[in-house]
Each structure stands twice: as structure tokens, then as C-alpha cells.
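Down below is the structure, laid out as C-alpha cells.
Per-chain numbering from 1; labels A, B, C and D assigned in written order.
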Amino acid sequence: MGTGQQAPVDLSVRIGSLTIANPVMSASGCFGYGVEYAGMVDLSTLGAVVVKGLFLKEREGHPAPRIVETPAGMINAIGLQGIGVHRFISEKLPELRERRATVVVNVCGTTVDEYAEVSRILSDAEGVHALELNISCPNIKEGGIQFGCSLGGTHDVVSAVRKVTSLPIIPKLTPNVTDPASFARAAEAAGADAVSLVNTFLALAIDIESRRPKISNGMGGLSGPAIRPIAVRMVYECRQAVKIPVVGMGGIMNARDALEFMIAGATAVQVGTANFVDPLIWNTIVSGIGDYLTRHGIKSVDALIGSVDMGKH
Amino acid sequence: MGTGQQAPVDLSVRIGSLTIANPVMSASGCFGYGVEYAGMVDLSTLGAVVVKGLFLKEREGHPAPRIVETPAGMINAIGLQGIGVHRFISEKLPELRERRATVVVNVCGTTVDEYAEVSRILSDAEGVHALELNISCPNIKEGGIQFGCSLGGTHDVVSAVRKVTSLPIIPKLTPNVTDPASFARAAEAAGADAVSLVNTFLALAIDIESRRPKISNGMGGLSGPAIRPIAVRMVYECRQAVKIPVVGMGGIMNARDALEFMIAGATAVQVGTANFVDPLIWNTIVSGIGDYLTRHGIKSVDALIGSVDMGKH
Amino acid sequence: MPFDVAATVVANLALSHDYNVLALDAPQIAEAAIPGQFVMVKAATGHDPLLRRPFSVFEILRDASGRATGLSLLVKRIGVSTGLLYDAKPGDTIMCLGPLGQPFTLVDAPADGWMVAGGVGLAPVWTLAEALVARGVTTTLFYGARRNDELFYLDFFRTLGVELVLTTEDGSGGEQGRVIAPLERALAARPADQPVSLYACGPEGMLAATARTAAAFGRPCEVSVERIMGCGMGGCYSCVVPMKSEGGGFHHVRSCIAGPVLDAAQIVWD
Amino acid sequence: MPFDVAATVVANLALSHDYNVLALDAPQIAEAAIPGQFVMVKAATGHDPLLRRPFSVFEILRDASGRATGLSLLVKRIGVSTGLLYDAKPGDTIMCLGPLGQPFTLVDAPADGWMVAGGVGLAPVWTLAEALVARGVTTTLFYGARRNDELFYLDFFRTLGVELVLTTEDGSGGEQGRVIAPLERALAARPADQPVSLYACGPEGMLAATARTAAAFGRPCEVSVERIMGCGMGGCYSCVVPMKSEGGGFHHVRSCIAGPVLDAAQIVWD
């Protein structure tokens, strides 16, 4: 304790074979390809930059309006607009490498084969550090959540990707199920290095004047501080269920919220919606975590992770 | 249309054999036994007063702190403190009758038999108009949600109660499942007159200084405007799945929100958390619904219910 | 019957960097309120923060003719809503519901009324002291704070004729330490045939200590408890206090409608 | 590079019951902003409303020496955040991120610059007009509103030397009807060998009509589009506009970084 108060706190954490300098990552789809923010944010200071979901091919996504604000949250149905894995590698990855970002790619697919193919291509590219498997996007009909809502589908996608890559793989779980922990177990059994959660909650907002949904796709995914208490619960449950690290997210707006997820069981956290509100949030959160550890005399984040005492008051 | 604009709008709706004067009810656990508010609110002006959950016996519930505020929401773990069905009938029901309240009792049980027994006793009491079966409380270990999270359990409770009462029965569904609509179907098949949803979302908030949950029970249930977009989605899904009426709730704060639920498919709505913020909300919502119907020239609420156009923009 | 009033802020006086007194234009509530009652206040528009917060009625504001025009709150800033109340500006509108809850039981002479307040627990003591003095009761206020500059409104109480016994944690004013020490000494010194009633408001630990002390000396004691409250009206069952049941055990009462003033001897203290 | 500034409100001028001009102390942003750019503003503390909202930079405020000291926003109240901006008081702090987005392409004489604005679409026209006039471009503003008393800042444009063509929907000022009618007549009257560039900002229907009209007369036209924006930085993909692709079809561009000013001829209008 005594010395821990003085020494600079080591914020590094491990996700499979990858060690990241601090536990704070951008959430996929909320930070573009990272390069959009390079003028304001030193990308190398993030634990990792998780880029927008990529299929094999380009996709144009849904028409606008794609988002609507709700109390302390927002619903989005972007429809996974993206430039596809090949253009990502040629157009974005070089700049990300140059800026020394730790890059995690959010991998999408409409079939198990597409997940494997995109993962294989990314594994051969220089500068990709881990793969997050998006089996939980509520906004596209084909693929995505159809795997994430079935234990078998989750297992199939993870095993198929496991065969083609030695990069850490992090299946991203949906909160729209009765028992997320069972999906974490299925992912672990299939060879995942970690799981991340939560993706967004399937939600609907209706304009009462037109009696139509407020976003073009009808339903969308709810994110932001509104969902945080449910996400923290699910992260806790998953942490109890598996040995692999859990990457937690859902409504993190500041260091306190990030610490809450870590205490619940998250080895690392992702920040999505909050980046829209405050693009300079990264330093605030990372330094806030450091200050907290120093103030409490905790030498490494490991001692914090999952340390919640659920015993009755 | 022409005349609809002038004539007073008929706000009455039917739930099984019960016709209520307007579609706005208090949500169970958020309005005490109704009598607490009789000094401020004319209880006969609510569509129905849904009283706090009742077991056969008295219960003291969990120790304080029992609630914590979260962004645009709150978590509660009251633990179903209540006076039991007998004291309710002798101490509260007479005043509710006298004040001409339409009374719906939220029925709890730790066993199928207890649900049936409480329901039978209430059916014999004068002034109980319908029974809401609470198979979805996330805050007690025994009973409740263990029935609401299994299709068989839902069916068993509803059929058992169906055998002992001719009152309308309204099983209350949990949102903590992958597919609430399948539970609505199970309830319908077992003889329910309606379903109500959502009960609260299982949630956790941690105090980062003490690293303990902020409420004594650990986890609790999230309510309030934060959850509204998810609840609206679930009400829409249930409306698509069953023919019996759906009673919608979750974060309704004003007439606009109530109308959103009705357009999504709710025949009636319940208001919980908002009553804490504004105990005079009842008249605001009921008259707001009337104004909207008048403004749009809609003659009865039936024309509104489930009228959302989910076609793409 | 409580009123819900869209109250205009008429003044906001900062007493320190975390204490302020907020004056609200709410004549109906002020007219009806009796000592120990509270109001539920919504500090923000919008849904974050969502719920109202409970505050004791501090002063009753009156016009020249003595008619109640409003009330003030003594607020200690500890979080988001109290922060908004600290920053409130004259002209702002704040929803205010009240008066709520059970008041103090006022004793009559020859009994003395001894009030025990810690920190912001001073809030309900203003109206209580006024009411006791008006009945001709001899009053003492045992009042503790962190520092001397957080002992507020001493002149008011002196002018009213309340005897003051002051303590501070850092010794910068009054006696150093907690308020329980001089209270114990005073109780010990008081002859058994001279009745005295205790009234306490402050942190939970101080209330428990006061209750224990009162019981030890066989004196009646009422405490105003503070629980996190969702509604203030008996609707949510969030604010419970365990009370002794006949024949042992306990039962939970809602402190918003059975309290906040409760008989200290009936509470099951941890 | 955009700056994120905790900007102090220095003035708030109500123009009508739903229009106001909010002056913000944000010198870095004001110094860097060029015509057509916007800022993302967070009107509330707390999480409701949660997201920032986009607003064009209206005026650049300058001190006596001409140095930029801040900027103003022309705001039309339509919902919760614009309501908060309408009610903002001098001294309040508002987070302001900018300058953001692609500006207008400024023409040079002998081309004329014709600006088309509907309602609050006037906002980006102030700096655009200043910049065009500074380059010696002859300018006309076709400006439509609901009523005469919603045609704001006419004297400013007159003083600058901008020719004004005004319309109102109710005929209470200028010509009755939409601004497209006089625009069409003016384009029809202009000889083909006299170049003119169009700049439009306003409701989507007006932009589409302006784009159609410009295309019909073979004139270049830039429009400033308004989409619901989550971030303003290219991070969320919420603000897309369908643009014509080579070889047919369309692709979505993010109007916050590829726009808000876009070539009208490239947009796929519904």
C-alpha cells in the first residue's frame, strides 16, 4: 500500500495473448475507423481502437434517419454501413499503423464462412491486434444476431474463426437474451480469448403524430447511460461464468462508470455513445482510473477486476 | 371524422370481461395500496388502481437502501414488502370500494398453489375487479420470476389461477427473456384475459468506493424512462403474437409516452416510476390522450391501438 | 393534504462552499407545514436526475402581516440534485410537494425541550425551536458540526432564547468532539424529577447514539430519520425503518408517512 | 482541427417567441471557422438530453481590433435542446465543439453569388455573404419565411450590399409564396454567358427544389443539408446522404465530414 500510493500505476491488462496499455477501448461503430478522430485524439493513448463492423464487401446501410435520442440514451440502426475488409486494409490500416494504434477489428458476416473469411484476411494484414466478432448486431436481418441468439450459432462462428487465426478473438454478445452468461460459456468452450458485452438492446421509438418508427429501419439498438445498470449486471454474470476476460460496455460516460464495470468483472471496457458527447473523453477516463487506483493504493488493475462484494449490506 | 372532432371522446377499453373508463392504470408497487394517494388523487378517475404485490402472508421485504437512481431510471429491490391478502381485504379494500376505485390486485406466490390460493381469496372479496399475476418480480429468490422465465411455469400459474376465478387475469411478463412474445402466447393458451409488461429489468449498480452494490439486496429491477424504448418494442412484439389485450408499461412519463405504447399495441397502460416524480400525473395523461384523439379525429381508442405503420420510411 | 407547487426561487444564499439556503415561493405549503415535516423537490427539468429529493422545511417565510409566503430549505451539497439546488438562481422554477410526513410531538412546560442537531440536521430545528419557545418551553440546542464556520444561524437561536451547546470535530468552535458528550453530561446532571424531551436530527450514527443515551437516562426521544426516498407519499416502500414488533422481531414502516419523526425507543438500531 | 470549448454565454437575444441568437465566448473556434461550417453544442448538463446538437456558425463576433472573440448561433426552437438554448442565460456554460465540416466553395467575380435561405436556413448565410462580398462578388439573397416578422437581419444584408428578394408564406412581407418562384424567374432572366453560383440552406423540400431549378438552368449549386447528427465528427454514421455513384446507383456519405455543404447535382434527391 505505502509504495503503491507513490509509484505510477500500471494500467495494462491482458486479453489473450494481447497486452494493452490501459483498459479503455473505443466501442465499435462509435469511433468510425479511428482515423476520423486522429486530429483531436492521440490514437496510441487508447487501450485499443475498435473499428466499425466490417463485412467482406462494402455496404451502404439503412437510409437516414438512423438515430433517435431517448431518455439518457439513443437508438441506432445504421445497418452496418462499411467499406469492407479490403478497402479497410488499404485505406485505413496504414494510417492506424502509423499512429501506433492498437487495432481491434469488429468482424461481421452473414454466414459462418464470411466470418472466417474476413478474419483470415485480417489475420494476414499488418497492424490488426485482435478480432471482435459481431454476432449481436440487432440492426441487420441476415447474420449477426441470428448467431448471437443461439448457443449453437455462437459456438459455430467462434470455432470457425478460431481455425483461421491466432489473433485474440472476442465474440461480442447480445444483451437480448435470457442468460448472456450461457453465451459466454459457449464462446469460451469454442476457443474465444475473451467476450465483450453488451451490444445494444433491441428497441423501438414511435413518432405519435405519423404513427411510424422514428428511424427508417423501424427498430434499432439502444445504447447510452440508460442501459448501464443492465449491462453492469450482465458483465457481472458473465464474469462469474467464465475464466476468460470480459470486456464490458454499455453507457460508460466517465471514469466512475468504467470502474463500476471493472469492479463488476470487466478486464477492459469500451466506450461508445459517450464519445459522441465528448470526443476528448479518453484521457479523462484513463487518468480517472489511474487516480482512483492511486487513491485506493491499488497497484494494478487486476486487483480491482471483479472485486465487487455482493454480500448483503 | 367531422363529428369525432366535436363529440367527447370515449376513452373506455376492455380487458376481458372488465371495461375500464380510460386506459391509464397505476403500476403495481408504485402507488402503494392506492389509499396513500386518496388525499391528492380521485382514485375513481384512474382506469384502474393496481395495488402492490400481495402474498398470502405479510412480508417485511429487504432492508434499506432499497432504491438507487440511475440515468433516467431507478433500480429497486423492495422485496415485495406487503400486508398479505387478508389484511389487504380487511384494511384497504373497504376504502378503495368507498372511493369507487377499479381495483386490480397484483398477485404473488412462491408456489403455484399460493398464486391460486391468493387468487381464490381475492375472487371472493367485494371490490376486486381483476388479478394481475406477478410472475416477473426480479427481486425475490423464491417464486415470481422462476415462473415468469419458463414457458411451462407461466402456463402452470395461469391455468391454476384460471381454475379458481372468473375475474379477468393478467399475467405480468418479465422483459428479462429473449422472446417475451412466446410468454404472451403461453399465457394466452393457458386462459389469460390479457398480459401486462414490462416488469423491471434485472440490473446492478455498484458504489465504487465501497465496491458493494448500492442497494441492500445486490441486484434489483430497473424502471423509468431509460427502459421505455425496449418496453415499447416488447409490447409491439406481444401485440403481434396474441389476440388478447396487452397492457403496456415501462417509463411512461406523459401522454405522449402513453400514446406511443398504445400505438405500438397496448390496449391500456400502467404508470409506475412517473408517479413518484409527479403524483398528479393521472389527469395529465388521461386528458392528454383525449386531446390527441380529438385533434386527430379518432373516435375511440380502439382505432389507435396497434396502429403503428412499421413499413420502411 | 399535500400540495404540489411550481415554486419560484426567491433567494439563494450561499452559507459556505457546500451549504446554501434556498427560499421558495410556496405559500400553501408554508401555511400548512408543521415542525418536522418535509417537502419533495425536483431540482432538474428533464429525466436526469429523475426523482425528487426530500428536504426538511427550514424557515417559514412570512410577510409583514405574519402571513406565510414561502419556505426555505437548508441544503448541504452532496450530489447531483443538491448541486443543482446550490446553483439555483432567483426566478428559477422548482417543483415542490408538501408538506409531508409526521411532525415532532411538542412537549409542554414544565418539561424542557432539548434539541440535538448534527450538520445539516439543523434544518428541522428552526421551526421546532420556534414552536417550543412559543409554548413557553425552555429549550437547549446541542449542535455539532465539522468546523466553527459550519455552525450556522447561532444568532437566530440566541435571540429566540434557545440555550446553545456547541461542538466541532476540529475544535475550532465550542467543545471539541461530538455533540453526544455534552448531551450525556447534561442528562447526567439533570434531576430525574425534572422532565425533558429530546429531539434529534442528523447523521444516522448521531441519531443512534442519541437514542441510546436517551434510553440510558430514561428520557423520551424523537428522531427525524433520513432514508433514500423515492416518492415521499407512501407509494414506493423505499424508505423503510425497522421498528420493534410486539412480541419481538421487527416490522418495516415507511418513514415518509410513519415518519420522518419516529420514537427513538421503537426503532431497531443496527 | 476542431476545438472543444466550455463556452460562456455572453448574450442571448430573443428575436421572436421561437427564434433567438446566442452569443458564445469561443475565440479559437471563431478564429478558425469558415463559411458553411458548424459546431456541435451540448445544451444540458446531465444525460437528458444526452447528445449534442449541430448548429451553423451564424456571426463571427470580433473585438475593436477585428480579432475573433466568439461566435453566435441563430436558433429556432423546435425541441428540447433548442428550448434550452432559447432559455440560456448570460454566464451559463455550454460545451461547443468546432469548427466542423466542409465549407461553401466561394466563387470569384465575374460570377455572381446567389444565396437561397428558408427560415433558420439563414444561419450560414451571414458569414457566406460577408466572404463573398469581401471577394468583390455581386450577391443576391433569396430569403423566405413564414411571416414578415420572421425575416431577420435585413438591414445587415442591405448594409453589406446584398440584394434582397424576400418572400413570406402568408404574404405579410415580400412576395407571397415560396422563395423558389422569384429564384426561377431570376435564373430565367439571366443570360447564359453571365455566370452565377447558387448556395442554398433551409428545409429539405426547399433544397431539393433549388437543386432541381439550378440543374434546369445549368447553374452550379451547393446546398447545406441537415441530417440528425450523433457526433459531427464522422464517428457514428448517422448523418448520411445518398450521393450518385459512378456507373449508377448511390453511396452514402457522412454529411458531417463530407458536408454539410454538398454539390446539389451529386445528391440523390428522393
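In the analysis below, contacts are C-beta pairs under 8 Å (C-beta built on N, C-alpha and C of every residue); 3 or more make two chains touch, one makes a residue touch a chain.
These figures come from a predicted structure and were not determined experimentally.
J.: Using the contact definition stated above, find the chains touching both chain B and chain C.
T.: A, D
J.: Of all chains present, which has the mean Cα position farthest from that of chain A?
T.: C
J.: If you average the CA atoms of chain A and of chain B, how far apart do the two points sit, in angstrom?
T.: 34
J.: When the C-alpha atoms of chain C and chain D are each averaged to a single point, how far apart are the two points in Å?
T.: Taking the mean C-alpha position of each chain, the two centres sit 55 Å apart.
J.: Between chain A and chain C, what distance separates the C-alpha centroids? Give it in angstrom.
T.: Chain centres of chain A and chain C, defined by C-alpha means, are spaced 47 Å apart.
J.: Show the residues in chain B shared as contacts by 2 or more other chains, in ascending order.
T.: If we look for residues of chain B contacting two or more partner chains, we find 63, 65, 71-73, 224-226.
J.: Of all the residues in chain D, which ones touch at least 2 other chains?
T.: Residues 47-49 of chain D touch two or more partner chains.
J.: Taking chains as nodes and touches as edges, what kind of graph is this: line, ring, star, complete or other?
T.: complete
J.: Could you pull out which chain D residues touch chain C in their complex?
T.: Checking each residue of chain D against chain C gives 44, 46-49, 80, 89.
J.: Under the definition above, what is the set of chain C residues touching chain A in their complex?
T.: Chain C reaches chain A through residues 47-48.
J.: Considering only the defined contacts, which chain A positions touch chain C in the complex?
T.: 71-72, 225
J.: Going by the contact rule at the top, pick out the chain B residues touching chain C in the complex.
T.: For chain B paired with chain C, touching residues are 29-32, 36-37, 39-40, 52, 60-61, 63-69, 71-74, 76, 78, 81, 224-226, 253, 273, 275-280.
J.: Would you pull the chain B residues touching chain A in the complex into a rising list?
T.: The touching residues are 63, 65, 70-73, 75, 149, 176-178, 201-206, 208, 210-213, 216-219, 222, 224-230, 232-233, 236, 251, 256, 259-260, 263-264, 292, 307-313.
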